[in-house]
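Sharing a structure below in structure tokens format, with a few things to ask.
The letters A, B, C and D name the chains in turn, as written, and every chain counts its residues from 1.
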């Protein structure tokens, strides 16, 4: 018996849970965890089920669900629970999110395998190599941007990457790249969306005199800073904080929010429902 | 079709979800929400299912689950989703939690019916009657305590009370009364348990110089302040706060925590698992 | 000896604290609390000092500071510490913020005197009169708006009002009225500014799938929802919350944020520095 | 002109602020920040003043304050604002707090100089040396404990250490060592004090079913886990968290709380007032 995680997105109608649970019972599988949600806005049904079953019965389960009239599925997948999400990190110069991910990965706190770090700068090479991770310097200029993105996609394919994390990567991805990475690229936005968009949000926050600053982790889409939000958090600040201090405070909340979003994705807890996410 | 909430506690073994979901499907019920949890500490399985079904099919569902070999249940119940939990509030002199519950109830924010307020003082009569709720003055002295508790139990039975809320009720209940109200009496403790127990916790907090104060809502048991915790919260304080100011700040967190616990109970979201609660 | 609160805004230069503290010492006053801040953005200095002194020495202190070369002040005032801010509340139909202010006032938790409640609807009359506060029904139509605002200003003057609270008042104030109430009118915005402005922010929040919702209390200016922010807070939500539930959750954070802002203002803790507030 | 930080603890009486501010004005110093607090419990007055002044005038200021009849001081000191607190870190095997301090120090986020790391294990040597910090392996057994503590004190003296941080150091310090390091050794307790003391607090928290877990940073005293609290924080958890997951979640809150306490201490913001701290 091995532990598996099933994820299912389908039209919402009666009989789905019965179909899934019966398919599991028929192979003597044991359900360990189960979450589900019916989104009235999209009429979609989302389900995440953790179960113990013999490895060679998984296909039987998938086939049974496939045959069920109740399940008109848009997405159905089963993965081993201990399979680690192969992750590629993109970074520019700020290394706080990068270090946090490396440390959490190394300490067993995140169910990912970091297969590489790609940066348009050399600054973080030492840190990355200290953690024993391959570092790729991939400079981006106006002229080389297309080639650089092609190389990135090549890496993603070659390394069988399931998640690309933009850990304060300061390059704007092309629409085409966003499309190709849809649903498997997470960005950390250094603001509480839909608050201050664009450049220097902490300076904007200082000028506006807000009493809380925040960060948002979201899936990357062509529409900059508008992708589906996975996780957000804020921290209280006062008038006494300079913009520089807000930036430093922001680093804390950014890394916290990003690592939570990465964990949720890596544990197959995040589902897309239109512009929103369902996070179990 | 009417909406119902099923709650189930049983031994954890394979086939429970299949049994329940098939029983529901067999009567053409539609599952709207479903939460479940397997507690490895107690080997108990907990399930809360919201479903739409014809009223006269509910007994069929219960019977089918009863017959299932997979479900060795300790608790199984179905209630209409729009049934409001009949609630009796006990209060002494502090009225912040009482007012909060009355207001939330009146504004439709809490799925309860407040059938009465009982107090060992007269202070809150005006407020209670303004909200159109019957007020019972039930003084308690050493001599009358047994009689008062008997009267309380009589009220609980006569009014078919599903929840007794101790909204800063400053009398210690007898072991026997605790037993009789087990699982349906919630107390708000004005401290972040297991922090400062006993009297004047805010003064204790001030002396100890803590940087956060909190409150805990828990089921009442004979073991004072040790009942299973349903909800907790804290708020940040500084050295500049006097004990009196801590008390005022504490009122906010107390009423917030208590109303959340009452909502959770009234929506049948709270399950007991040994000394702990499962809150869906 | 009586306790006083001094507030001072002046150009930032050396010698201010010495001038103020010496002026106080010269009349044997004792400083109990002192906060100050130099805003590098505006080069303004802000100070709030609580001191004990004989009542008839206050003018001596003010004169001494006035004479000081170090203090080029824009604002200097002393008030008795136990003077309660005369407060007028504007409300429409939603009564959660209103009740919260009434209750906190009645329980001694807010250093204000509520001299009246004005509403463009009759809905809250019963509640207001239960608390023994004069209720004025002041309907507003396109035609009567100017007259209604004039009547409001008349009330403010007649009642010597130091603070006008828009406790979910759904009328837009004219630029002229905003000007006249500048620095003494607080609005609660049912969103975490600068997030969702305009109408139905909780529905916007639901559609955008945010993971936190918030509220902001700010001084009223002609620029709708853009006045200087005094206080903000957020609360965590999930995909499972309907817009209606977000509204209910929002009520909690709105009343919490508004009451904190009112307290800060009433305790003379809020200073304006350009578009920002300094809150001691 | 250079920026300085003055810290003053003295008996609370009139004239202190005037004495200090006049002493500063007399040497043309400019006050940049000022915080003060009168503790009614201990009748002590605490003041932290940031000022710009010529370096050679500092002694003049100290002498003037010394001569003042108003200031019966228990502690008076001035340090350059850019002086970094010389810090020694003690650690055992868990490295999350250690890494956090090293990273924040390296990124300029903490005003400290880490002069060394001492551990009773070898586990963290690689990490420490990656950051270019001297690592000392100082094993402790029942027999060598006295010698190890003597060596520690020798290091503290030799390195002119202003702060010793117990970053999950799993050895109990002797009363004598606690005494010697009084007011300059900070411990992170992996629980929300006064909650779960002693061993395995996260397991205790799981068994008790708490809904929040926390951490507390406090000055080290002979009375284990009872030293004056500097900073605390909590994070929300649910019934679904295993003890192991609580430990992982706890790591986050531990490092956050500890780094804040270290910053506060290093910026001379923490004062002792009996069993409590004043944190400006």
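In the analysis below, a residue touches a chain if its C-beta (ideal position, glycine included) is under 8 Å from a C-beta of that chain, and two chains touch if they have at least 3 such contacts.
Everything numeric in this text was worked out from a predicted model, so none of it was measured.
Bringing chain A onto chain B by least-squares fit of CA atoms involves turning it by 180°, to the nearest 5. For the interfaces B-D and B-C, the C-beta contact count is higher for B-D.
Among the remaining chains, A is positioned farthest from chain C, on the basis of C-alpha centroids. Of all residue numbers used where chain A meets chain C, over half belong to both copies. The two sides are thus made of the same residues. Between chain B and chain C the centroid-to-centroid distance comes to 37 Å (mean Cα coordinates, whole Å). Chain D has its Cα centroid 41 Å from the Cα centroid of chain B. In chain A, the residues touching two or more other chains are 37. Note for the complex: chain D touches chain B at residues 37, 39-40, 192-196, 207-212, 214, 228-234, 238-240, 242, 273, 275-279. Against chain C, the residues of chain B that register as touching in their complex are 95-96, 99, 103, 107, 109, 130, 248, 251-252, 256. Remark: chain A residues 13-18, 21-22, 24-25, 28-38 touch chain B in the complex.
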